[in-house]
Structure formats: structure tokens, C-alpha cells
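Note that the chains are named A, B, C, D and E in the order they appear, and that numbering of residues resets to 1 at the start of each chain.
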């Protein structure tokens, strides 16, 4: 009985997400003029997808987004783990430091995008994927640090003690004990970092050039003063969602399956 | 090391038309041109970032008339006058209202017009000639059904269609706050004889004509337009028109061929006509070319070469044949062009009779200030009198800034 | 009494761990932040790109004496509270359900996290399509069900809540992600104890899950709160702040100041006011949480 | 109505290992039962199955006659002390102890009262507002115990609840548990490794090995009459001496003869053991049945002292008898519990005196005891 | 060079509670020291301070003569068995045990070898590839022990390493630890609650109470000569009988006289106790010094049986003497360890025989022992 209620609830929420999405998928396979048609599937075409790759630089943007998102996670996650650990375990820089780090994220992007542009311009990192990777790594750090801090706080200090008496350096204890035990948190933080970068628009817009535009910039350009090319937008969105859908197969092992390590006693 | 020209362009057909012709230019001059195409809404932010920096990545600029006050005021643009004089470019064929629009004066030419987007009325001829409707209209109003001659007529007609029921409305209005409703209202203002500024650039918006315009505007939003007009953008109105669910819309004149297209809009193709805004004046708008100050002299020279080329009669005609909205009167009257697009005759009227939104440093912000008041009045949240006063005050304030 | 021990060593180790991250932040974000702060007290506008003379708090006074600012602030608070509470409650519910099921879990998880992979701009565009009042599928469905068409984004009384609903639709998946991970990391032991102590599922949730999840949940809430306070892409695409001022949130206000109004300094000032408010709320939130501990 | 019946219950873990195999046991209402067995034999698993925390792979479990296989743990109303404590880390000691009552809707003042009482009993009063993380190991264990005893459940399942307490406290707690049992009359299942607990607290003692229940009975019965060498050795430290020998006839009587060993079977056992005459046997004798002073009926053996362990209370003598046909060719080892005043030099050979009446013989193949009348039944 | 010196070491916890107060102790290199004390007295805290896991609030800690206050745990090279095990949940048993060696760069084959050996010793061989979550309580504890014994550290700190093991396994492990100590000669600090462990394993035994170290000495010395009533009661179960009495002169001799009690002080103690004549005292006598049969020098007392506890190994008699001027006006209770064959009906009054030579007298105010020559020094 409980199980049925559970599945019912989950199916309901899934439906709330899927139904709009299905309409988007459907639109992505329609010719633009029919996109607002009330019929379910009045026609079928792959033109939107083809056009995305031929008449716009969507393919390039897609690749850029992947590189930048993965790159920024690869750069930011280790740092975030370390700083989050220091905050959680050593109370480094105290409450003030924690909040100061978080405060960096509280400023609306509009306030720092121009100063950031100025800086990156000075060091010649505009129009470059490296620049984007760096800026996103830094932008995402505060959130990642905080999330990981939350997870690290839950780890019994006994474990680290054991590791230290076993001869592990603080670093080894962190690397071999703390990290494996907090994999769910790290996976979640990684996904979050990826997604934040994957979706960020303003910095991508201002810091990127034609060769380094990311998916959100590419999609935004489909909103023209001639009208919104909603069918192409739909196609672009469908494609944009794919990496996560694929990745979630692997991530969910850590995040929802749980690691069932059990207790230390 | 040949120079590469880079421009941030709005992703619209105009850009694509030019893009196709670019190889020709490169062949002629050896100068490469790269267009980075993004949406209108994102252009300003991105350009500003470049223009305030020591050296701009973009060395040719596509400038909207709304920025025609701001960019020169900020000192970002090279004066084109010396270039024109040096190269002997002929400015005469360029429609004067376009030059005005983009801030040209006797002393300087910050921006050279590129293409035009003046507004006119597109409406359904089939409805006006439908005998049943004719009879019904006569019965209800005692007048003959005809294209409207004044703004009041237009609004009345619009309301008539909406009141007749069905899912047809009288006007597809773009009422979203900001650019859409500010542009649309400007047509109402100009066609009812009002103005934002007088010849001495004094604010005269809060006039009886202005009030009439605003009342009619609000009336039409509430009683003539489609549901959701207050959040509608150009896109929404186009789709509504295309779907045959509206009698009319006030829009850019060159939208006509896109709507009057059997493939895209089968329900209305062949049933549409363009006219100057009832009352005689519509909002005019346009894009122009500029050259940023913060680039090298060689690239400036190359940029001018490009601008000169792209706005030459020859290339303008070639563009017009692909659907370009010209800024040169000699193109509108070009035979080949007229043959392909008979309505360019009316278009020239639309362009020539167009009046301009106030152009000054804060034009874009003023759109928003005005748009807010229009939105409030349109939604019945503010009385037209108050809204108009607030809009006029806002304009005064911004002009004095 | 001599105070000895490990504190000093711990202290150093802590900084060693924290350093790379903090340095990255300092290097990459330090300059922009300081620059933005200086801008907020400068006379820099786009038309006059020079910081000097510095004008002290004048920009703050200007911004805060604008009635639009207070309207925007109030809207932002309303909007943020509704969305954060909505996302948290729904997200927690979903995360709990996910945690309980066995079969189909990967499928559910994949579906439930899809929305976060869409950029807010595209989400807004898509929902504009779905909610288009005349042609959109939403209203057509309403109509076919015999319900009146709704002017989702054009009705001044409704627009903000429509926007909030769209935001919840998308952002809940973040909350699900973080909370699901938090739940996965919880120890099993206390649940067994609670089972034999006679706690029902609901009681276990209230007395065991919620308190143990609290560190992670609090962070999820704060992150969402910060995100919501900074929202500007949704109003930008959906409504441009209209109809009237119905969806003019603070971050959009700051955006308009900076880029439409060309007053970068005032935009920066508004941004810092927003930062202070969010920071205040964050600190307050944690203080309350700690008090209740 | 709270008898607990395990009806051929088995538990197979996911990794294919058996936790419990085919356990068949009925615990009467109000009974105090001890589970005893080597580490990993399935005691905790059995407890967890009774509590409903672990699914049953096969068999049936009934509480109060009703099959509870599908009854949720919380509906079984059983109090458990977990071997790992399983304290609520985010709750204070007070909250930890009160939680079970609160969940069952007991009024707040009553809860407070009970907590106060239990805390007094357990010596936890000064720690009521601490979180478990700030407690010592023994204090945590007492909290775990307190959490169970404040409640009034159908049954208590206690998984080594006293293992981390000092001897004195343990003795007190033992007494408190017995009192609790008397007062409430609830069924108690108590897992322990402590011999004193095993022998003194329970009505019955259940010995498990490798997931099986191998002997169930009154403590002294099990002590006096172990079913096999495993139980014989398991129940006490030092364990029963087991010496390889052969049963020989000698005149009327029987003689257990091994290396350095020659013990006459007391008359009372002769009939029982007679059938095994001539067979190899294992001779079992507890260390406390070897004495330092002769008494009538005792038989002398000579032991070479290998070690003397002073426990304070008493001295344990470990010695060798015979020449070397014990296990692996070494002389058989034998231990004896002697008075704390007894001393002997290591290496010396001393005479000790065997009381053979409680002797046992086991089959070397099956390790099972050869049946003989119980001394306890005989009223000895 | 691995002596451990605690020089007036104190530990104040963040909540203002003292964990350890002013402990002064030198543990010689290679010594085997037992920490004993009631739950919460600071044993684990002391261990953790030695290991470097807990900061020292005041005082100094030296290992091998060098102050290690600023030396990291890993550089102290100490192996610890945590009371809470602290197993690495994500590692298999094998990895758990090998981790310490791996961290110190020991070659893989050597590690494998050591793990195999330790696993054999601890009976963990079949579980090497399991995660701790799939082990029983005792198995987990053995893993924790294994993690320590595979290493070759400067010192071992063992915090109740055997508490969850069955008696037999515990006896084996005890032996293994002693062997380990002999083989490696490393300093071992062992916290235990088990009396047998305390008495047999260590060179010295340190008794703690309330964070203080109250008696340190050889096990039998502490057993024979407790410094106060606390130690007297603590070290054994059943604890020493403590009876209020008065020391009276009787002719040449001294008489301990209490309610139902009249015991002559043996000649050997007379001189020592003479100064206390006429004072109130507490008379202490261990249960094992009360016998069921008379012997020369024993003095008879009459005891009314309150309870008989059969432990199998022996029987404990709890009885009353006198009429009721014991604590709270009830008759004084007394317990005696008697042979397992001794029986007496509850309620009956039986004669028992006191061996008064190991008697103690304590000051009722300070609870400290009145000095007397040690029986152990006297060579008794």
C-alpha cells in the first residue's frame, strides 16, 4: 500500500516534469510555423536539429559548453573539497570566513560581470575557453564549498583519528577516508557545479566570442527581433538536456542509491 | 597581415542577407569580415563591455537607433563625417528621416543608416471585403466598412472585430513592458498628432493629443486586443496574425512578406495589406553602422571601406532583392526591386512619414520608463492622465540627466 | 595555565587545506568584487567611464530613495520566500520518496533532475510558448476542459506567481539533487532505533531525518535563497518586469540601472544592498537554526 | 500474551552467508533468556529478526501466537539495546531516553519522571543534557540501556548491554535488570559474553554456534551437562579440561586411562558408561573439580606446573600431565582453579586431587557427550 | 626509547567538564600497563591524549623523553584500538587492516603477509573481503584489534579491545596480546573492565577515578593493599565486604567489633593497627577470605543467608550479619565465595569461617586505608 502511494507520488512529479518536456520534444520535431499548432503531431521534421548545426554554431557551442562545464568542475571540485573540509573540520577562518565566502555568491552577476570582464581582458582571457573555465570555477566555488562542508560535518571524527594514528597525514586521511565516505556529497556538488556552468548566461555572453559561445548564449540568440525560433530552441533544449540524462545513470549510484557503508562501530 | 573586421550582429534576415554577400567584399578588398550573431536583447550588454575596454574586439558596430544617443554621448564612436568627405560617399539618396533618427547633424555623422524598421499597419483585406461583415458593420455602426483613416476609427474597428465574438480579435498588440509597448504606443502618439519633444527638444508628451493617444491605446488593449496583450511581444503578435486570429497589427513594415507567405502562414497569405499608420505618421526606427573609437586606425579605415561598400546603391539593391529594408530612397524606386516587391511603394511612405522616438543618451531606459506607465495604464492599474504625466516627467528627468 | 595541544597545528593544516580554494577565489573574484564595490561609491557611468570623484554613499541614497526600489525589494522577498519554500517542500518530498523506493529509482532520478539541465533562458522561452495565452497548449487544454483561458503572464495579479511556479518547476531539481545526496549519506542506525522506539514514518521524518539532514538541508535552502534573490533571467525573458511593475524583482532592477540606465554605479549600489539583505537573511537563518539546536 | 516463537527461522544475508540457520525456539511470556555463543554465531541477527529489523529468509516468527513476519518493528512494541548503541546523535541524553515514550504518546511529566528515575539508576543524571558525542563509551552504553528500560514494552532485547561497563557498575546493572524483570514480568532476551550474567540472570540459556541453536536449558543444567565438547569448553573460563583417553574395564569398575591419567569412574556413572568400554573417549573435567587438598573420594594426579596465574581472587594452575600423547604429540595440558593462597613453583610436579563425580565423557568423533544421569537430577 | 611520561596532564573539555585531572604517570619502555576505572573516569581521554588525538589543556606529555605536545599523531607512531572501533566503513576488512602499513610505505607482499597472519590469529580469515557493515559486533572489534597488531609501533593503546568477544575468544586474544608484548617488547596501555585481564596481563595497573589516577602498582599489590575503600571495592566482583566497626583492645590483642561481628586482629597486624584503638573503622574483608570449612586460625561468624548465586564455577553466598546497625539501619550485608558444591537454604543461619590475615581497616572519614605491613611484603 505504502509502496503504491510512493510510486504514485513519484510518477505524479515525474509527469509534472515530463509533460511540458514532451511538448518541447514534440515541438522540436515540427516545422517552425507549426510550433504553436494545437495538434499533437501535425508533421515531423528533423530540420530544426539540422539547422542548429548547419546554420548556427550550435555544435561548436555545445562542445564549448561541455569543455567549460567539465573543465570548471575538474578545477573547482578539488579546491572546493579541500576548502569545505577545512571549514568543516578545522573551522578555518571561523564563521566570518564561511559567510564571507558565501557572500561572494550573493552579489547579482550584473554587478561583477563588467569588473570581471575588465580583469579578464587585462590578462587576455576573454574569448577563451580557459578564461571561462577559470571564471566558472571561481564563481561556483562558494556554493560547492558550502555544500561539501555540510557533508563533511557529518563524518565522525573518529575515522580521521584512526587514520592519523595509522600514520596517514592530514592529506591522506582526507583523501583516503573522508572523500570516499562523502561520495554522495561530492557527486552532488560535482553535478551542481556542472549544471551551474552549463546554464550560466551572463558571463558566457560577455566573456565569450563567436568561437567560445556556450549553449545558453547560442539558444538566446534564437530569440530575435524577428520572433523567437521556438522550434529550434526546443531542439536546442532537448540536446542540452542529454548530457545530464546520460550522466545521471552513473551519478545516481552515489546520490540516491546510497553507499550503505553503515556505522563505524 | 590582412585585417579582419568583426561585428556583433543581431541574428535577423538582414544580417544573413549581408553575410551572403560578404565573400564578394572580401574578393574586392582582401578584407575578411566575421559576423557574430546573437539576440537583440543581449547585444547591448556585450557591446558595452567591449566599448568601455581599452580595445574593442569588434571593429565595426551595428548600432540600433535607441543607442544612437548613448554611444556618441559616451564617446565610443568615431565621427564618420571625415570618412564620408574623404571617400566622397554620397549621402543625398539616404532618406533624411533615417539620418535624423540616427543622430546625424550638420557637424557630425556618428552612425550611417543600415536598414530601416519603421512601423505601419498590416491588416486583413479579406475581412474588410467580406459582404456579411460589411452588412453587419453597417447595421451596427451606420458606417461603411473601410480601412481606417484615423486612429479613433482604427480602434473602433478593432473593437468591433473583437466584439463580434469568435476567436478573432481586432488587433494583435505587443504590450510587454519596455521596447514592445513603447514602440507600439509611439505609433498611437504620432498618429494622433502628439509628440514626445517639440522642435526645441522640450518635452510635450503630456498634451491633449498625448492623452487621446493613451486612452485609445488603453482602450484597444482592453477591448480590441488579444488576451494576454500585456505580456505579448512581437513574436506573439506575429503568430497570432499568422494564425489568422486577428484583424490587424501595428508592426514593422517588412514583416509583410513574412506573413503574406503561403508556406508559413497559409491562413492569411494573400489577404494582407500594408498601410501607413492611420492618422499619417508611424514610429520609425532603424539600424546603422558605426566605428568604435577604441580600435586601430587601419581597422577603422577597413571598417569604413566595408560600410561604404555595403551601403552603396549596388549592394543595397542586391540586398533589397533578398528582402532588405532599404534606407536609400533610390532603392525603393528601383525597378527591379519594385517588380519583386510592389508594396515597397507604400513602404517608402511609411518610412518617409515616420517620426522618431526621442533619441538621447537614455533612450533605452526611457523605453522602460514609458513602457511601465503604458503597462500600468493598459492594465487599468493607473489612470491614463496620471500615467501620461508620469511618463512625461520621466522623460524630462532623463533628458536633464 | 599553559594552553597546549594541537590547536595551532590544526590551525595550520586547516589553512593549508583552505588555501587553494580561497586563493582562487581571492585572485579571480577579489578584483571584480573590490572593483564593483568601488564602482558602487564612484561616479562611474557608462557615459562617463571614470571612477572619480568618489561620491561615498550617494549612489546608495539615490537607489534607496527610488520608490521602485522598495517595490522591487518587497516583490523579491515575496517571490524568494514562495519559491524557496515551495522548492524545499516539494524537493524534500521528492527526495524522501526517492529514498524510499527501490524499483525504478534510476529512472525517477533521471527524470526528476532534467529541468536543472536547462538554462533559465530556455526554460523561460519554453514556458512562454506553453503559456502563450492565445495559442499555447496550456490554455488550449484549459479550454478543452471547459475552463476559462488564463492570462498567465499578462495579468498583473498573476504574473509573479506564474513566474514563481516556473521557477519552482525548474529549481526544485537542485534541491532534490542535494537532499537526495544528503539522505544517502545519513547513517542507518538511528532509524532502526526509532523503528523499535515506535516512531511512525512521519515521526521518523520529523525527529530523525529532518534534524540529521539539517546541515545539508540548511545549505540547500541558503543556496536556493541566494539564487532566488538574484533571479533576473526569468523576468528578463518572461515579462521584462511587467505588466506594470508586477514582476520587477530587485536583481532585474539592478540590471536595468546598470545597463539600461547606464549607471553602473547605481546598479552596483543596488547589488550591494541586495547582497547585504541576503547576507543578513542568511546569518539570521543560521542563527535561528543554531538557537533551536 | 507475549511469548516469542521462532519456528525454523533462517536468515540468509545478501552475500550468501547464513546469519542464522533453522532456529527453533519458544520463549515463554515473561521468561528471561540468555543468548550465548562465540562471536559471529548469529545472536544479534536473531535478536534483530525478533525486533523486525531484519527480514526472515525462511521459517516463521510468532509473537504472542501471532505471526509477525509482516508486522513493522514499531508495531511489535519491543525495546532493544543495540550492540552498537544506535544512539540518536542529534539528541541529548534526555531526548534519547525519552524518545520512545514520546513516540507512544506518553505524557510529558510521566516521561520526565521516568527519565529521571532511569538516569538515577544508571548514574547518568549529570549528563542528561549532553549529546552522545560528549560521553564516554560506558556512558553511551548506559544511555542505550536507559532508552530501553524507560519503556514498558512486550519484550526487551538486550544485545550485550553491559559489555563496556566496569565490573562494579555491571554488577549493579545486572541486579537492576533482574529487578526490572521481576517488576514488569516482561520477556527479556539478553545476549552476553559474561559468564556471571549467563549463569545468574536467566531462566534459560541458549547456546548458539554457527547460526544454530545447539543447547537450550537452565543455566546450571547446561553447565552440568553440556551436550558436546563445544558447550563444555564454552561456558566457563578456564574451560573444561578435555583429555584424550580410553575407557577400560578394571574389575567391577571402569577406568579412564590416558597419558599420565588414570581416573576411576565413580560408581554412579558406571552403568551409563559401561557400553563404551574399550572405546576411545574424551575425558572432561572442569578446572574447579581439581583441588589442592585430598578429600574422601578424590583421586590423585600428578601435574607438572607450566604456569601459575594469580587472579587475586584465586590462582589458576596450568600444568602438564603425562609424557606427550596429547594433541600434536605434546603432553596434555590441564588447568585447575585453586585457592588464592596456593602457590607452586613453575616446573615443579605437584599432586592434585580430582573430584571425578562431575566428570564427562565425549565421543571423539562426534564430540557429543556420552549420555549419563545428570548429577543435578541425582540431587547432588 | 619509548617511555611515556604524563607530567601533570589535565584535559578540560569544551563544555567545561574535566576529562582528566593532573595525571602524573611514567610508563617505562616495554611496559604493559592496565588502565582500570569506573565508566567515565577518563581512561579513553588519557589514551587519546597519549595518541595525540586530544589536545592537552595543561601539563606536558613526553614520549621517549621528548615532549610531543606538538608532534602529530602520525609521527608518534602509536597503534590504537578505539573503543568505538572507528573502522573505515568503505574499506574491506583486508584494507582496514592494511591501511596503517600502507601509509607507512610497507611493501605490498609484506602487508599481505601480515594481514594473513593477523586474520588467522583473530579468526577473521573468512571475512577479509567483507565491509565492516556486514560483520557481527565481535568481528568488528577483532578487525579493530587486527588493525593495531599488524603494525610495529612504538606503543599500543588498546581501549577495551576485547569487550565484545566471548569468553573463550577473549582468553585466546588475551594470550595473543601477551605473546605480542613478549615478542615485540613494545609498551602497551590496555584499558579494560575485565578483572582477569587486569590481574593477569599487565606489569602494572593504574586505577583512575573522576579523572584522577588514584593507585598505581603491580596488580597483586593493588589487590592486596588497596589505598582506599574505592579501590578495595572496585577491583573484584563480588567486591570486598566493608563493614562498619570499632577497633577495641582486648587483653593483649585487638578486636574488630561491629554488629554481629567480632574478629580478632591477627598478631602480625597488631602493632600497625594499635594506634587506631578505640576509633571507628571500616573493616574490609574479601569474599574469598570467608570459607565454608574451619581451618586453624579461621574465626567463625554466623551468617543468615539472603541469597545463593550459583555461577557454576562457584557459589556466591550473600548474607546478613548482626541486627541492624549497618548502613541505613539495616543489617550489614556480606558476601562470600564458596565452592560450587556448597549449598544453604535462604533464610538459614550458617557458620562461616573468616581468614582474618588479609583483613583491612579503613578510616570512615577519608575512606583511606589504615597503614599496615603488606601481606605480600611479608611473603605471605
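Points to keep in mind about this one:
Following the convention adopted for this analysis, a residue touches a chain if its C-beta (ideal position, glycine included) is under 8 Å from a C-beta of that chain, and two chains touch if they have at least 3 such contacts.
Chain identities (UniProt): A = Maltose/maltodextrin transport system permease protein MalG; C = Sugar ABC transporter permease; D, E = Sn-glycerol-3-phosphate ABC transporter ATP-binding protein UgpC.
Quantities reported herein were computed from a predicted structural model and do not represent experimental measurements.
Chains that count as touching both chain C and chain E, per the definition above, are A, D. Least step count on the touch graph, chain A to chain B: 1. By C-beta contact pairs, the most connected chain pair is A-C. Ranked by distance of CA centroids from chain E, the top chain is B. If each chain is reduced to the centroid of its CA atoms, chain A and chain C end up 15 Å from each other. In terms of their C-alpha centroids, the spacing between chain A and chain D amounts to 58 Å. Per-chain CA centroids place chain C at a distance of 60 Å from chain D.
In whole angstrom, the spacing between the mean C-alpha positions of chain B and chain D is 95. In chain D, the residues that touch at least two other chains are 84-86. In chain B, 41, 45, 48, 52, 239, 243 are the positions where the chain touches two or more neighbouring chains simultaneously.
Annotation for chain A: residues 36, 114, 118, 170, 220, 222-223, 228, 259-260, 262-263, 265 touch two or more other chains. Remark: chain A residues 2-3, 6-7, 9-10, 13-14, 16-18, 20-21, 23-24, 27, 35-36, 38, 76, 78-80, 82-87, 89-93, 99, 101-112, 114-116, 118-119, 134-135, 137-139, 141-143, 145-147, 149-151, 153-154, 170, 174, 182, 184-185, 187-188, 191-192, 195, 198-201, 215-216, 219-220, 222-223, 228, 230, 233-234, 236-237, 240-241, 243-245, 248-249, 252, 254-260, 262-263 touch chain C in the complex. Residues 32-33, 36, 56, 113-114, 117-118, 121, 126-127, 202, 205-206, 209-210, 213, 217, 220-228 of chain A are the ones touching chain B in the complex. Put simply, chain B touches chain C in their complex at residues 41, 44-45, 48, 52, 70, 73-74, 167, 175-179, 226-232, 236, 239-240, 243, 245, 361-362, 364-365, 367-368, 371-372, 375-376, 378-379, 381-382.
Put simply, chain B touches chain A in their complex at residues 10-13, 34, 36-42, 45-46, 48-49, 52-54, 57, 233-235, 238-239, 242-243, 258, 263-265. Against chain A, the residues of chain E that register as touching in their complex are 48, 51-53, 72-74, 76-80, 82, 84-90, 99-100, 103-104, 131-133, 140, 147, 151.
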